[in-house]
Amino acid sequence: MIELIIFVLMAAGALVGAVAVVRARNTVYAAMGLLATLLAIAVLYVVQLAHMVAAVQVIVYAGAVMTLFLFVIMLVGVDRNEDTRETIPHQRRMTIGVVVVLLGVIGFVVVSGSFDWVPVVGTAADPQLTNGTVQRVAGELFTGWVLAFEATALLLTIAAVGAIALASTRRRREES
Amino acid sequence: MSLVVTPGWYMTLAAILFVIGAVGMLTRRNALVMFMCIELMLNAVNLTFIAAGRALGSLDGQLAVFFVLVVAAAEVVVGLAIIVAIFRRRQSASVDELADMKG
Amino acid sequence: MLTALIFIPVVGAIVVALLPRRRTELVLPVGVALSLIPLAVAGYLFATFESGVAGYQFVEEAVWYQPWGISWALGVDGVSLPLVVLTTLLVPIALAASTSISHRLKEFVAYTLALEAGLIGVFLALDLFLFFVFFEVILVPMYFIIGVWGGERRVYAAIKFFLYTAFGSALLLAGVIALAVLHASQTGVPSFALTDLMALDLSAGTERWLFAAFAVAFAIKVPLFPFHTWLPDAHVEAPTAGSVLLAGVLLKLGTYGLLRFNLGLFPQAAVDLVPVLAVLAVIGIIYGAVVAIVQPDLKKLVAYSSVSHLGFIVLGTFALTSGGLAGGVVQNINHGITTGALFLLVGMIYDRRHTKQISDLGGLAQVMPIYSGIFLFTAFASIGLPGLNGFVGEFLVLVGSFPTLPVYTIIAAVGVVLAAIYLLWAYERAFTGPLDKPENQKLTDLSGREIALLAPLVALMLFLGLYPRVLLDRVEPSTEAILDRIEAVTTYSVPAPGRIGDVFASEGGEE
Amino acid sequence: MIFPEVNWIAIFPEMILALGAAAMLLVDVQWAPRARTLARISFGLFVAAGAAALFQHFWLEGLAVDDLSQALPFSEMVVVDPFAVFARLVLVVVALLGLGAAWRFIEGLGRRAAEALALFLLATAGFSLMAASPHLVMIFLGLEIGSISLYILAGFGRQHPRSEEAALKYFLLGSFASAIFIYGVALLFAGTGSLNLLDQRQFLAGTILLRPAVLLIGLALVVVGMAFKVTAAPFHGWAPDVYEGAPAGAVGFMAAAAKVGGFAALTRILVTAFADYADVWAVVVGGIAVMSMLVGSVLALAQDDLRRLLAYSGVAHAGFILTGLVAGRAGTPGVWFYLAIYSVQLVGAFAVVAAVSGPASAGSPFSRYQGLARRQPLLSLSLTVLLLGMAGIPLTSGFIAKFGVFQEAWRAGFAWLVIVAVIASVVAFFLYLRVIVAMYMAESDGEEVPAPPLPIKAVLAVAIAITIVFGILPAPLLSFAADALPF
Amino acid sequence: MQDLLWLVIAFPLAGAVCLHFFGRRIGEPRAGFLATSAVAGSFLVSLAAALPFFGGAAQAHRLTLWDWMPSIGASFELHWDPLAALMALVVTGVGSLIHLYAIGYMHGDPRFARFFVYMNLFVASMLTLVLAGNFAMLFVGWELVGLCSYLLISFWFTLPSAAAAGKKAFIVNRIGDVGFMVALMIIFGAFHTLSFTGVLDRAAEVLDPGTATAIALLLLLGAAGKSAQIPLYVWLPDAMEGPTPVSALIHAATMVTAGVYVIARSAAIFEISPIAGPVVATVGALTAFVAATIALAQTDIKRVLAYSTISQLGYMFLAVGAAGHVAGVFHLMTHAFFKALLFLGAGSVIHSLQNHQDMRLMGGLRKHMPVTAATMAIGTLAIAGVPPLAGFWSKDEILGVAFERGGWFGLLWVIGLVTALITAFYMTRQFVLVFLGEPRWPDGIHPHESPRLMTIPLVALAGLSVVGGFVNTPFRLGLEHFLEPSFHGVELAHPSENIGIFILLAALSVGAGLAGAAAAFLAYNRPAQLWEKFENSFGKIWGWWQKGYGVDDAYGAAVVVPGRKLAESAAFRFDLGVLDGLVNGVGKAVRGLAARLRPIQNGLVRSYGLLFAAGVVAVVTWMLARGA
């Protein structure tokens, strides 16, 4: 019952935030909406015993990433409201069409119960199995997932290289 | 439908969030906001991972989320760098003005 | 031997391409000299070919890629041997006739030699995959020959030629794949070998579809009405050598394919679909001739005449009688020689006068008597004057086709009149009458070189007209074998001598 | 805690590339060597990676059946199967040729050369991992490593506004596709209970799914995500713009590597985990193939920029390759052969673009190519051979490739698809012919085109050799590809 | 000797080849003598080879030279029987005389040697035709003579009319040839061979009347083309554009009789068909009459003779149609003599009048050209059927056959008789207009007798025209017996053996001839104004005759003009418009589609995204539809 209440509240929060991202004309509001959604989802993680993930979500995502976003928003300028009138012909109509079909698909999946259909029967009974504590998650991360973990190093290297290559202009001017 | 919150509820919520994010991609012209919508979609993915993992009794879902997070972070860095670079030149972050190349 | 025959021109093309850039005067002599080697080899083949025997000779086979069942399998029989010789004969002549080409001569000669290799390959291939490879690859050199050294609208013509025929080969490719897949599923062994595929057991529907795919591909190449519209454009724009090879050899790929593959692989469908092909062939005969009558451009006229002439070949092929088949093969050669000569002649006048419009000429026989004489001779060969080569094939086709396709054959015979009309009318307008245009009065008659180019063709027109046995003895066993096989695997049988009433009645029954 | 089996051989090539990239960045900071030196080092690294892949090949051949688990180390996060080895070799060849084509571009970068080279190395490593992993998250990571590198490379020609535009378009759409892909992965996880393709295969083979909707949606999204990478229609929108805007030197590598990675992952997913669902996905893949072939061939007709033309032809080629994929496992060798040949030709073609348009330029309008045969006969001859190869003219390897995929598709019962494909290839002839027309049959615009530098000559020599040699004697590569099947 | 038969063809052929390559070097008169001696040599060989037949030998001789198209029984083989021998003798005999004549006639022509190349080639071709041992080889000769006819009619090709006439001759002949070819196809279909022996000996057992009729009528079509019968006679008058010796040799004496020869040769086939014979005879009779009426009103000296030739050929057709093959061949031979004579005489006149051909501008030439006038008079009498000249005997035999057959043939006999009257009239008209009366030629022309070279042949032919008829008189059927072996197994029609009937018929035809001649003499042997008035008194019908009933125009309006329109619309409307339009339309449609689709790629990320999303939706729903 508690889970239900939390779910309803947080789902509502997440959805409101998501809609805000999509609808807000001011970029900062959109960012705030995203923040709301991120936090709501973090709560839902906790409800599902994904503690470690929830923590990372709040720290890395809602913290670092959103800060970066806001930083860039400030850089780009907050005072300009986006003109949300559609200029591309048919874009809106077709988007609506796509959304309607997608919602229909979701509806079909929900009604047919496919979302609740679990391929491995009976394991969900033990919540401890998926209790994502730091130890358990970290243990997996450094054993079974160690290669993926290593691969993220490459990803971050690339991100760093990319940021330097794309954003630094001064060095280049000096050269030429 | 019983009032017990099953993983399906989360997954449904995630699906809806994903669709909302996608709609944002298609309707907003500010590159930053579009990018936020992608973050939204990735979060929906994460929620799905967690819910599915819980239903399956597998920790793999949560681990996958980590990597999605890392990817998202890397994308943010690169993406924001590109947006900043473009903004420097054009004083605008609207993707609708980026149509030099077409056909 | 056969492999060498294919590779000699390739090597030749490379040699020509590697000639020093400054020595342009060397290019043409070297090219011609190199192209004489295949002619010698082909001549040797022709001489040592055992006549009176069906089946492939000089067979060579090497595995290409075993899991796919493709192999480098070559061989000649009576159907392909004359075509190979024709190819090797026309290439040196076409090259030697290309003295008016001044820019990028090296490439031109190289492309022509490459084209020769492809053409020879098509006729020699006994593996369907290999056949397709050659069949399609010749488009490239021909495309360049038309597109780079052609006339005003060369690019349009070249692209049209390429795409139209490529469309045909696309269908052919689908058909080849289908056959190979069927073979693999029926025997478990992949193979593209002609003989293996001939042994396939095809359902009637499949056979018809495959027949149609092959037939359309070849019909475009022939070209059979209504797939012919690329031909006039290609001919008009192509340089002389291109036209000669296009008409002389390239078109024969279509008739050769129809005979070798459509009859060989799909005998039942061929028997069933004879009316379709025959109708198209006859329409082509009449239509091509009618359209040729009013063409203002000599090359176009000859192009449309090709449509008409090749209609005879197709008619003979699908008459499914020994005379028709043999006549078709012989007509292939004859048309190659005659039309090749006609295009050479048109090219020679173009070199002098820079026009191909009949209305720009007139009275040329006064200033160019030798030229006019050879033109007239060739025209009569093309009209099918007995004693010259054109008649032999045409007559064999008509006489051979009549027992099975009387009505079509009678209509086709009308084409004989039309041929006289379009060629003689053109001759009348271009060569006779007063020499009233000042530009024409200065024209010079043929040089010794030009006469030397035409001489072998003219000699062949006469020789093959009088003594076609040189060909027939080699051709007929092979065509008989094709016919025997059709009779063996289908319910069809070649009609025995009979009364005319029976002939018409049997046709009525078939349709 | 169970420690996974560690087998460094399995990630030998990626280690060389990744460590090399890291080392290069450090060396650059410390000693700032000349761009050419760095490029040479990168060249060496790629060669080493190729050698490592070859070593894997021989190691694998010597592996006893009982020791097969050694080929699936790191908790089955990565796999050394012939499929992966082939993919790595193709990627290394593509990278080597791409590096050659980009040589001038890199030299022109000066101090930024190290970054570009590192991205080359890392992108190769990423796509290589993507091709070599049976684990969906690993595939995702490899995909992102490769893709993000390419986003950055696309934006490397910063003096051109178009380069930035290309980067942003590529980035936004790429991220969108990645999100969709990973959502698909999540749904597949929900539907099968596993992220590992081998486990999924086992599960799907042993279970009759009553409500497979989630699984199917997941599969659809994964396919779509990969279709984006391989520029299959209608997920191709980015390709023409990115190819046009990105630096000429880098485009060939960007285009080819992404396709190799994308197809490798797509093939692996479809023919391992979902082999039993072929009757569900094959038709859909066939539909995407049809769409790609038609859209690519037709839209290319309207282009007047060589790069955009190559992009659309790439769309069509994606369709042809997908045609082979519908045959599933039996079609995999054909897919590989095609992919290997086509990616080499693509890099070669873009090497010509780089030579003609300048290494860092954006856009390559046809007018630059008019009369090229007069000014640079070798360049135009090379481009002609490569285009004819792409067109699938016999005696080029492109024909063998097409024939291979068509044959398998027909055998798998997709005759209709083959018929559409052969017709589309005729339409596609036209676009290649147009380029050839411009080079050989049009008058030049008078502008001088510099002679191609040595690296580009070398690239073209290799590309042409591969195009022609494997067109005439395809057997070695065909039999090599015939074994390139996933476990 | 008979094994050297091939020399008959080889002589003139060698002459042609030799003159072709060295003619110019050999020079003017010598080239002509060379050609003449080639033909004469051929004549001698034929004569020698024919000797056994004169001695009564019945066995035909066959000589195979080489195989041609063995699968259809076509080879180069010679068939030497009395019929062939007779034809060969006529061809070479008359031919050598005409060659000789031509040396004088063509004097000074820049292409003198070329002329003899063609003439020799023609003789060789004609001999190929008559010596052929099978239908295929016959067709070779058949077409080659057409070729030579083409070459010779348009010999003076710088005149557009000559070039056009040559072309017309060839094409009209080709129309007939189609019939001929189809006939050969049917023959081959029925017999699986084309050899004379194989076909003709077995005709009775193999052919049913229907097939025989088909073959016969198709052969008739071919023959009508070559022998200028209705409806294909229109080329022959135009053929007069050629040099006169050509008209004499080809378009009077030899080639045009090929049709008669073929029908006679295929008598065994015609016999089987119940209607073929009457049809042939009717065509012949009608042609004879129609052409004679047209000849009445011609003013060109050669055109009169041309229509006369058509008319006389009609007689021959009447004969062979009535199964009077001997009569037909007989007339063929006598006609060759006197018509060659008439043509050569006309040529002589034209020659001396510096190429004027209009009879209205002649008159009174008798004094200037006595030899020509005398020989022409003999020719005119011969054709008018005045006994005992050659034409009398042969024409009378034809009419006798027709009369004897009775029925439908009786009606044809009447036509033949009327035609005889008209023939006498127009020939006399011609003679009178040319040789008698007042000179009407323009100033500056000085007519003179032709050189010896030309008059010798005239005299020789005049002699033949006088005596030629005696080879076959009702009193001594020499030719009949001679030709007997060639018609072995064929039932020949004969005139009545009743001498009374013969005298009655002879009287009738001679009367008709004399009446015609007298009428013409009276009408024309007076000043020009008077006979012009006489002609005008016929009113419109004279104009019709003059225009040849307007058949040429009618053909033009009915066939040539619409045919050309059709060809033009096929070539430019249908081929370029529809067919090529379709092909190019496909190309254009694809490119149009490309242009139409291009705006979708509008450069906007969001549009691409939408397309992407739409693709996602499609793939997802499709996948679901297939799997769930």
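Chains: A, B, C, D and E, in written order; residue numbering restarts at 1 for each.
The rule is short, and it goes like this: a residue touches a chain if its C-beta (ideal position, glycine included) is under 8 Å from a C-beta of that chain, and two chains touch if they have at least 3 such contacts.
Predicted model only: the values in this text are computed from it and were never measured.
Of all chains shown, the one whose average CA position lies nearest the global CA mean is C. Between the CA-based centres of subunit A and subunit B the separation comes to 5 Å, rounded to the whole angstrom. Note on chain placement: the centre of subunit B and the centre of subunit C lie 64 Å apart, centres being C-alpha means. Taking each chain's centre as the mean of its C-alpha atoms, subunit A lies 29 Å from subunit D.
Averaging C-alpha coordinates per chain places the centre of subunit B 96 Å away from that of subunit E.
The multi-chain contact residues of subunit E, meaning those touching 2 or more other chains, are 587, 598, 601-607, 609-610, 613-614, 620, 624, 628.
Contact of a single residue of subunit B with at least two other chains is seen at positions 11, 21-22, 25-29, 34-35, 51, 53, 55-56, 58, 60-61, 63, 67, 71, 74-75, 78, 82-83, 85, 95-96, 98, 100-103. Residue positions of subunit D touching 2 or more other chains, listed in rising order: 137, 141, 144, 148, 151-152, 155, 158, 167-169, 172, 176, 180, 190, 193, 211-213, 217, 240-241, 302, 430. Applying the touch definition to all chain combinations yields A-B, A-D, A-E, B-D, B-E, C-D, C-E, D-E. Those residues of subunit C that touch subunit D in the shared complex are 64-68, 129, 132-134, 136-137, 139-140, 143-144, 147-148, 154-155, 158-159, 162-163, 166-167, 170-171, 173-174, 177-178, 180-181, 184-185. Subunit A meets subunit D in the complex at residues 105, 108-109, 112-115, 117-120, 139, 143-148, 151-155, 157-159, 161-162, 164-166, 169, 171-172, 175.
Residues of subunit B touching subunit E in their complex: 22, 25-29, 34, 95-96, 98-103.
Taken together, the subunit C residues at the contact with subunit E in this complex read 160, 163-164, 226, 228-230, 287, 290-291, 293-295, 304, 322-323, 326, 363, 365-366, 380, 385-387, 391-392, 395-396, 398-403, 406, 409-410, 413-414, 416-417, 420-421, 424-425, 427-428, 431-435, 466-469, 472, 476, 495, 497-501, 503. Subunit D makes touch with subunit E in their complex at residues 168-169, 172-173, 176-177, 180, 211-213, 215-217, 219-221, 223-224, 227-228, 233-235, 237-238, 240-241, 277, 279-281, 283-284, 287-288, 295, 298-302, 427, 430.
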